[in-house]
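Below you'll find the structures, each written out as structure tokens.
Paired with chain B in one complex and with chain C in the other, chain A is shared by the two complexes that follow.
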Partner chain A sequence: MTDAMQDFSRAELEAGRAAREAWEARAKRDARKPESSLRLLWTALKRDKLAMASAVFLLLVALATIFAPWLAPYGPNEANPSLRLEPPLTEGHLLGLDGQGRDILTRLLYGGRVSLPIALIPVAIATFISVILGLIAGFYRKGVGEVIMRVLDIFYAFPTVMLAIAIAGILGPGMMNVMLSIVIVLIPYITRVVYTATMVVSEEDFVQAARACGASDTRIIFSEVLPNVMSPVIVYGTTTMGLQVVFAAGLSFLGLGVQPPIADWGIMTASGRDVLSVAPHVSTIPGIVLLLVALAFNLVGDGLRDALDPRLRL
Partner chain B sequence: MSEPLLEVRDLAKRFPIGGGFLSRRPAAELRAVDGVSFSIAEGETLGLVGESGCGKSTTGKMVMRLLAPTAGRIAYAGEDVAGMTDDRTRWFRQQVQMVFQDPFSSLNPRKTVAEIVGQPIALLGEDGGDRRRLRERVFELLDMVGLDPNHANRYPHQFSGGQRQRIGIARALAVRPKLIVLDEPVSALDLSIQAQIINLLTDLQREFGLSYLFISHDLNVVEYLSHRVAVMYLGKIVEAAPAEALFRAPKHPYTQALLSAVLSEDGGSAPMVLEGEIPSPMAVPSGCRFRTRCPRAEPRCAEVEPALEPRAATHRAACHFPVS
Partner chain C sequence: MANYVVKRLLAVVPILFGVSIVIFLFLQLVPGDVAATLLGPRATAESIAAIRAELGLDKPLHEQYVQWLFAILQGDMGRSIILQVPVVDIVVPKFFNTLILAAASLLIAIVVGVPVGVLSAVHQYSWLDRIGTVGAVLGAATPTFWLALVLMYVFALNLGWFPTSGMYDLRGDGGLLDLLHHLVLPSIATAAIPLAVITRLARSSTLEVIRSDYITAVRAKGMSERVVVWRHALRNALPPIISITGLQAGFLLGGTLFTEVIFTWPGIGLQLYEAILGRDVPLVQGAMLFIAFFFVLLNLVADIIVAYLNPKLRAR
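Now for the complex of A and B:
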């Protein structure tokens, strides 16, 4: 009685086979591959020159920091006191030297190894947690969802920076604690993005259609809803990465993050504060790098937003 | 008379309105469906007509078990669906499928046509795991609904509204159901495309002996496709009859008004215009729920609710003063 597929009549199987053969013949002829979403995304993204340039820039920055030990002309803490505060384009020191006579280019390269992961890893972790929380909250809006969102509302009540400073202050300075505070600060925001998207998608008829086929909640959440909420999450995550790089640097600047003498873009900016009038390059150069990286993340995020918009795809 | 395939008795759905996070008691109650009974025989199409908000879609969702009824009984092939075990539910889902109104919302934009049409087979079919067979069945289904199987790997946004509705129909047919709930399947489509889809539905019915619960607000479409028609007003069926009898000689003033609005195009009798708006389902009028807009209403209509009683052999209407 339950066999939907067993009772194929011979004629039906023949029809199916004929249809498949016709399809395969035609498929061979026009060699059409199924267009994957990733391929469509790439086609759309390629058109956005600014986003592409930003992505290339970020890739170069990432590669440069990864290969810092091979690229950097000096050691990160190697000091040459006789040349302290010398401006950029000094012989052998392209971007000049800081207050302790350390090469700024070298420290920028090494600094990226702290400043980038300290921002990007928390964003990735927070996104993962938020996607799960947001999916559950958006799908089971009454009950569990209500509890999740109300708890997150409490976090919303605090200004982001204050909350992060408070958390980092309580936990004490250090790289791990900065990352943890960024995760905690980000979760309410990303969760809300996922929650809203999930709410909209859950109302769509294809969710009902899946239910009418006896799909379980878990299957509906992960196979029907999740692929449709990823676009806003990817866009939000990418855009916020730039902000978090600045934010993590800001915590270091305030002395709550990584501690000197470790190179970090925030610490470098902070260290030039006292000599801003005599040697402005010490602070401004890492500041400009921060700015460019943050801007690039934003532009990539914007590009992804446009590329992921199905109305622009065809 | 054989046993009906689907039998619905006194089905009701009431939604609590208001009542927040802490207060458990709802502020009001919306009576979307308020005691509806009908049956569908094998191979038969029952048209369920009414204005938007009259509860026809809610009724369809309850039949599909996408919504739990507040009261009433739904029996499929004589078996109460509420008491079904998981195993029987799986069987029921294979027997009863649905086509949705909005061809854009009903197909997951992230899935290929093959994945969409194959989903019911993968979830409900015995052979869900056999990929080659699944693929053949999908191609066969696409062919059956008039789509090029060559397009199986495309995404929904690459199709027109009419083609998308065909995909929805292919999905509904995938597990060889006996009953299909058609929730306004053509109202989102152009007129010329509507005709194509309706012809497709009639052909499929003839070929596979399907039963349809056809939900629509469009009387022309209903007349064309239905064997019997039930007219709903504010959560209740006010008239039920074989399509031909109902369209020729409506007994209920509401049906009469609906029909006159359609037929006036032919230059026949002047349209009978109903006064006022459909009342809120949160405050259903006493007695006959149509009395506030009924040209024939009398004091008695406010006191006693008319029952859905036979006016002819197979013609039932809920009215104290039926049109003769």
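Now for the complex of A and C:
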């Protein structure tokens, strides 16, 4: 062996050792602070100012509605008939009064206590069911998975709005029926998101490794696959929340949701329909609130998606 | 290509079969005794018995389904309980009215959305891009029923430029101009969401294409920017746009419901809404079946067009 070659192999050894040390150091650091996909998502999201501002806005809206009884200047059904249909900026009534002389700001605050949960609870329930269905369908692609996906294909054949309205309408008006109809129309869409992600993840090496170690299917699905499919689900869920807030209000607007005198942003919009030409604020203000809330959910969803896959940031 | 079309057509059959089962089971969703609920509180025992017999409620469920399905296959969707006429006679003309509204909205969405999206991508970060992007984000979050009310307030009630409701003027000649006059506001309200979706996708799809090597090559050949963008870039950006347009076209069949209710446009959405309020289950079923059938058909056509434009997809 010539000197030159000896030097070369020594250098190679050195390089190899350095690489190993670096790897070990990183492994040690990673062991201290596990970089889960959710944490990465959060780190990237923090840099997105628009998404963060939207998230803060949503938090404020949620807090305002939760504390409505303390924040609202009046009772939700407290009427002052002498001031009915007075426009915004009327003294003591920042956003004006509705057709029965009730304070619109007050009713908006109370309305959020119906409009937000009526949309967000079904999204949470549908997500829970869809994650289980999607994991099973994506993991056992033949057999059970095939059956699940074919059945859900049927629900894709309906325009969502129409299906939900038909279900809610036939079941009869009421908060529970609205929520049930939203859960039913959402499940196929969220399940497909989970299904696609599960298919990809379950082909990964670490899943094969877990299987080689003798881990049971249940263990693989819940501790290996599940954490890695949550990000797309969270992105989809966030974006759809905005849509569902608007849609649930739409059902109330049509008279298929909660019933008056319960205040809800959809019912408030509907109540201004008859007085649209004389007092447009009664209908339009609740609609603007709906728009802002939906917009904020969309922006948070977009931010999450960009954080998840920077390649999509176009 | 023919293989692909046949394969897709065959895949539709089980879906439509499933759809028919779901819609059939709708009747079972009605709380309480179906016949009594359908007829309302003033129903007599005889009329309840009659409607039970008419709907076949006295037979086991699977027999009811088979009977119902065979009737449907022969074009018999039953009779509307409230209007007392065959469901087909109501659904078909109403569906045609909805198609007019949906087509007009889709036309607005495409004619505005595709050029704005493409130009936004070509001139990224320009003022057009900013306005287009903000508009698309806002449009996607806009409640249709709210937008419809705002448009009605501004352009119908205040400015008086357009009528507030209906399809034709009662005293008018019922001509095309009259129809278009009534169509403007509802179609704009309905177009907002598909417009936002299409603009956004046209932009991102073009952005992906515009930076590729072959576009640089076309530019290097000295082609004018117009040829580069509209002939070369658009062609490759188009398949996802067509896919999403197909989907949006389908959703419009349901999405027109809010505008139809607000502008009393005599479409299938308004009819479905009235049928739901009146618990007219045969009419609800007929309308849903009709809409689902066309929805599946539209998606199929969109898939086939996309496959035609992009041979890579056909192999799948």
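FYI, the second predicted complex is superposed on the first by the 265 of 314 C-alpha atoms of A that agree within 3 Å, B and C clash if a C-alpha of one lies under 4 Å from a C-alpha of the other, contacts with A are read in each partner's own complex, and residues count from 1 in each chain.
Following the convention adopted for this analysis, a contact is a pair of C-beta atoms (placed from the backbone, for glycine too) under 8 Å apart; a residue touches a chain by one contact, two chains touch by 3 or more.
What you are looking at is a predicted structure, and each value in this text was computed from that prediction instead of being measured.
**Q** Answer with first, second, both or neither: which of chain B and chain C does A:R20 touch in the superposed model?
**A** A:R20 sits against chain B, while chain C stays out of touch.
**Q** Between chain B (first) and chain C (second), which, if any, makes contact with A:R39: first, second, both or neither?
**A** A:R39 contacts neither chain B nor chain C.
**Q** Touch test for A:G255: chain B only (first), chain C only (second), both, or neither?
**A** In the superposition, A:G255 contacts chain C only.
**Q** Would you mind listing the overlap between the chain B footprint and the chain C footprint on chain A?
**A** Looking at chain A, the two contact sets intersect at 150, 314.
**Q** Over in the complex, which chain C residues touch chain A? Could you list them?
**A** By the definition above, chain C touches chain A via 14-16, 18-19, 21-22, 26, 29-31, 137-138, 140-147, 149-150, 152-153, 157-158, 203-204, 207-208, 250-255, 257-258, 261-262, 269, 272-273, 276-277, 279, 281, 284, 288, 291-292, 295-296.
**Q** Provide the residue numbers of chain A that touch chain B in the complex, in ascending order.
**A** Touching chain B: residues 1-7, 12-13, 15-17, 19-20, 22-23, 26-27, 32-35, 37, 146, 150, 204-206, 208-215, 224, 227-228, 310, 313-314 of chain A.
**Q** Which residues, counting only chain A, touch chain C once they are in their complex?
**A** Counting only chain A, the residues touching chain C are 150-151, 153-163, 165-167, 169-172, 242, 246, 249-250, 253-256, 269, 272-273, 276-277, 280, 283-284, 286-288, 290-292, 294-295, 297-299, 302, 312, 314.
**Q** Help me check something: in the complex, which residues belonging to chain B touch chain A?
**A** 21, 61, 64, 66, 87, 89-91, 93-94, 97-98, 100-102, 105-112, 116, 119-121, 123-128, 130, 133, 135-137, 139-140, 142-143, 149-150, 152-155, 157-158, 168, 171, 175-176
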